[in-house]
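In the two assemblies presented below, chain A is common to both, partnered first by chain B and then by chain C.
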Partner chain A sequence: MELKEKLVSSFMAFEDTVDVDSPVHDIRTEAIKHFENEGFPTKRQEAWKYTSLNSVLKHDYSVFPKHEDALEFKDVKKYFIHDIDSYKIVFIDGKYSSHLSQTTHDGIDVCLMSAALSKPKYRLVIENYFNKIASKDGLSSLNTAFSAEGAYIHIPKNKLVEKPIQILHFSTGNEAALMLQPRNLVVVDENSHVQIIERHQSLTDNPVLTNSVTEIFANKRAIVDYYKIQNDRETASLIDSTFINQKQESIAKVHTFSFGGKIIRNNLNFYQNGERIDSTMKGITIIGNKQHVDHNTLVHHIEPNCESHQDYKGIFGDSATGVFNGKVLVEKEAQKTDAFQANNNILLSDKATINTKPQLEIFADDVKCSHGCTIGQLDESAMFYLRSRGIPEKEARGLLMFAFSNNVLDSVKIPEIKNRITKIIANKLGVNIGFDL
Partner chain B sequence: MSKYTEDDLREELKTKEYEYGFYTDIESETFPNGLNEDIIKAISKKKEEPEWMTEWRLEAFKVWQDMEEPDWANVNYEKPDFQAISYYSAPNSKPKYNSLDEVDPELLATFEKLGISLDEQKKLAGVAMDVVVDSVSVATTFKETLAEKGIIFMSISEAIKEHPELVKKYIGTVVPQKDNFYAALNSAVFSDGSFCYIPKGVRCPMELSTYFRINQAGTGQFERTLVIADEGSYVSYLEGCTAPSRDENQLHAAVVELIALEDAEIKYSTVQNWFPGNAEGKGGVFNFVTKRGLCENNAKISWTQVETGSAVTWKYPSCVLKGDNSVGEFYSIAVTNNFQQADTGTKMIHLGKNTKSTIISKGISAGKSQNSYRGLVQISPRAENARNFSQCDSLLMGNECGAHTFPYIEAKNKTAQIEHEATTSKIGEDQIFYCNQRGIDTEKAIALIVNGFSKEVLNKLPMEFAVEAQKLLEISLEGSVG
Partner chain C sequence: MLKINNLHASVEDKAILKGINLEVKPGEVHAIMGPNGSGKSTLASVIAGKEEYEVEEGEILLEGENIDELAAEERAHKGIFLSFQYPVEIPGVSVTNFMKTAINETRKAQGLEDMPANEMLKMIREKSELLEIDRKFLSRSLNEGFSGGEKKRNEIFQMAMLEPKLAILDETDSGLDIDALRIVANGVNKLKSKDNAVIVITHYQRLLDYIVPDFVHVLHNGKIVKSGSKELAHELEAKGYDWIKEEVNA
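After this line comes the complex of A and B, so read on.
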């Protein structure tokens, strides 16, 4: 594969730009070897059975964008959750944009991966956490090999971070085709609480491929609330791999809102290394045209008395394809596990496709594990009820679809995000829902 | 439920027509180990098959050579060496033992619990016995009844000779030679099996069964079954046996093809209880089966299975719902104990309009066993108003076993309605306590609860099977709870 060779050979050039003495260097060299062996995933692999990257990999991507471009805040304001005060880490074509960002070192570290990788004061954290839970598959290894930039967030003990942190990646279209590989590390120590919002946005129709890896460590009793907003153009593709390691009594929630993109693949992996952990992953997917969204989740229950909740809703129109591949793995020590998984889908068109595979792998006997999965249509009688009360068909349909996906929004803790998502859904469905929440 | 006694069995034997009379007597002979074109030609020749059949086998063999043994199933085992197996061994007529005293007492104890008569026990264990039970006349009356209705029921080797047009028309249409590794192997070397044809509009008056044939002839290692229900007909077919079969053949790769033409209905019930290996996981049968049915318009195929035996099971009875308004059903209980591994489930392929499918799967794992459900529900773009309901429940006993669910659901039509549910649980201590305080000991209580858990499937079995299957469940799980 051409792109593969290009990437492997650009690794040399990449090495010239980074510090080869850093401990991360060995990790990178090893990772590129992994990638060379594994390559890009194909449909022959079980985890990629329903998602082919061929249409995405054919472009001649620039791996190191040369131009630097400044964006005016007013032009990109709408992509921020701008009505609340927040920390911001903004990247333009993979490069940090200091004038759009607002970082801090005041008690907490909200800054750049490049700084964390090079400055000695972060060395201990990097040694302890960097690349400790990211998987060793081809795509994650590729990201590890080229890991240089991204968000670095370290919240020490007993801190409640009052403002959410927004991570934004813009691609300007200065390159004919661009490949981005952001690498994020989030470490939340004991009793701390943080909220993070992540978004990838392409500003033109030039193809973009983002291969992002995020490692999150939620230590004892930490609370991590992570929101992913994916509403990109139909020329932008995203492979987003998130790995979350949880310690005892921690709570981690990831909400994924997928409303646009050419191919979106979300790999979401939770590892529960402690007792009484709570993991939640929820998502709403509403897509049309030829878009493709693939949710691939794993919850690994390793210790007793933990919980996990999964709830994914999908609405697929036109020739869109939805994939859900959820896996709950309960080890034999993980007694009293309570795992729940739900995946509900609506198909709006005869050309749309849903492939869903909710898996349970259970080795412990005293557990409560269940999953449910449905594929169906909007209820005719509910439609009739609304229309008989004078609500036009389009609005009625919109209301029903909104109601269908609504309970995912219940657990969203930031009202502004709720508002924003509601608006995006209303736009998507082409209706005025008429209420804000 | 009343106790199943020896008298009942004797009664049953009387009415059940013990020997169907299609036992082909070949001198005891075994081919050298290994597989090549000559062996296949020799098998075909031995069975006096017409040339098209030999060609068909060779074609399958060619495909098989290029195939790789699949390893996607959730099972671990040492792959058989396909060149170390003898592909043709005529039924061994020599008894293994001279009297029941030589037989493994464990086996006898099981027979006792299943309520199997002494004669029957001898037969199952391979003990020499006089031929009282082998009543030729019974078989003849049985055949006559079927012949009156125009039903053809015979071994597939006979069918190839006597009804080549039917066999040629249908064999390989549902499970093609190149379908999968084991189906290809089976197509190349299948030794024998059953053939059944129900003519138009005929309702088969009795349940057709391979029950006794299997016990008698030692089993066909590579069985091939072909059931054809012509327009508007009905047949219920029973396969297998509740009594534990000891068999030297380690690898079993059977193929079953069902064809339900317009308005026809086929009910196919299986009880599988091959040797599962001993408590340490040594030995045991590898059971790799390809079963598939094809439904034309308004046809219905219903698979019911109780899987308790075999060290490794790899089996997915499927329905291709090709015709409009066709119905596919799958009811399964899979029990694994000790070191058994089962990867079983179904495929429902919805092609026609208004097709319906139901999947009820109950998995019970105990000991150190692994039990997986693997299923596919596929709705093609043309399958308007397709409906599927799936339910997979797992029961775990002890924390050394595993229960796994791998449901694949692929919908390409907006009118599809699909529901899938799966749960995993254990037997509640409160349930056991409730039984205990009413004087039911723990072992009995577990049997009671397991029966309740599997009731939905047990109910689908024909009467005589259901009684035995229920007992079989109890025995399979014996000693699994401390």
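After this line comes the complex of A and C, so read on.
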């Protein structure tokens, strides 16, 4: 049976496991219909022209993992940013692991989507925010239809949440092939500040397909710092759709570090519903072999006096392929918009490919919008300069690649994350750089 | 220390060096002068191991060892240093981090442990004072946005840090005002010893007033056509290069 049919027919069984009186019952029912109509995206669709899901859709995925499994913290510690005090929401094969998690209800809610969807005290927030900005495309609808578990984060107004929140999804390989549909909701009220780190990690080489949807609401003057660490095995694929609704004077920053996975697709959408909003999206992609990373961004400038900054760096080796499709849409009312977009790429091999497509649609007449993309190789004169100082070829390459991606790390505000990313990059490039950037 | 025998080198099948012979002994300063396009920078790059140059014939011996097959970094580990005519800008790598990496990679190649951090800092402080380099300058990205003079001072600072056996200064005087020239030359002179050697490549004589050569060679059309003492540099300054060309063609 095709995956699509399997999913659609599983929906009835899924319904039996969740509360049909929940306010989201109708939303789910409608979403499965959407998915049934839309199906999975194909390369015939403009937004998927350079990314084919065929190779990941062919597996016979378990959509309801049956096994319960426990992991010892010491075995998975390395996947956490473990040198800082943090809240943790951890899932193992899609199931919440209370053992590895540290949630809270002390003034803020850092807990589970399953609780938020079923308990009356969250009902108002769910009614106001759940599935309000997620798109109605096939993949997001599929996630909505099966939305049952994930992270639920609600920060009431005037809270500076000092501890970052880590959301981790582990897949254990207990299923021959596993499909996950995590659903996260993040609501940050007026004047509050939150930092979130998200990671999906497969622990074996059994195929995993994660179709994740995250809705983030940054209300008036809220600050949201979101870090996505994508360094999975080459048998794990991730489709991450993140939707961010910003109100006036809010600041939202998303850093996406893509270092591993079979196919990674990041749909990152910002909607600016207010004035003087700042939206930042930055990314470093370093992949090799036959890996594929696709960044699909949208910034919708709806109101005046807002800014957006996009800076994506990519390094592609072997037969790796990259896609950057960045759309900036400036509405007629959005005067004095300041939108910046950059996408710089280095191809390390003749077989590596990057498809980059900036897309600016500007309907206002008093705006500052700039974009630029570059594709190149490492500068040979710089290589000779470094080598003539005694830095071996491999280290010189590593140093130049570090330098190339360095400015993306400038805006990372948590030093432990910066250190970790630096180390992952060094490891990825197979070099031991004698300092931290 | 350095012995070059009948060196022929080409780039993209174009012959540039056409039979260079040169011997540099420890403690000596050699100046290589010559008109534009005579092959001066090529000679510097070939000694330092730039890959796009093809050695067609002849050999380069460093302390008796043929270095033709060695990569640029291996030559650096053996004590060759090239001060670039046009130092490359490397955004994102600070001067300090660059030097730490260069020194520790060289030490690693020599079978030594990393230099302890406090020792490194002390060395950086001493050598930057020698070149009158501001501390703030060291945390800036390597050569990015540096003035011509700053770039050259930074080159000699790197030389001071790496303490090479053989330093090749390729047009280090170009782009320097008189104060910077004095600082750079003073730095080079302080680093000179009976055990190391310097090759100064220059178009003009003025640097040689500060770094006084033991020998002056004139390079023309890929060959050393005349060698002499420091007085030769003065003669070239006074008379230009045309008389050399005429002598060669005669």
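We adopt the following convention: the second predicted complex is superposed on the first by the 436 of 437 C-alpha atoms of A that agree within 3 Å, B and C clash if a C-alpha of one lies under 4 Å from a C-alpha of the other, contacts with A are read in each partner's own complex, and residues count from 1 in each chain.
We adopt the following convention: a residue touches a chain if its C-beta (ideal position, glycine included) is under 8 Å from a C-beta of that chain, and two chains touch if they have at least 3 such contacts.
Computed from a prediction, not measured in an experiment: that's the story for all the values here.
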Clash-or-fit label for the pair chain B, chain C on chain A: fit
Which of chain B and chain C A:Ile27 touches, first, second, both or neither: neither
Which partner reaches more residues of chain A (counting touched residues only), chain B or chain C: B
Which of chain B and chain C A:Leu399 touches, first, second, both or neither: second
Partner chain(s) touched by A:Gly376 [first = chain B, second = chain C, both, neither]: first
Touched partner set for A:Asn407, first chain B, second chain C, both or neither: second
Which of chain B and chain C A:Ala177 touches, first, second, both or neither: neither
Chain B versus chain C as contact partner of A:Arg387, first or second or both or neither: second
Smallest separation of CA atoms, chain C relative to chain B, angstrom: 15
Residue ranges of chain A touching chain C (in the complex, touch as defined): 379-382, 384-393, 395-396, 399-400, 402-407, 433-435, 437
Interfacial residue positions of chain B with respect to chain A in the complex: 72, 379, 381, 394, 396-426
Complex interface listing, chain C residues touching chain A: 48-52, 71-73, 75-77, 81-82, 84, 87-88, 90-93, 97-98, 100-106, 109, 114, 141, 158, 162
Contact set on chain A toward chain B in their complex: 46, 50, 332, 335, 345, 347-377
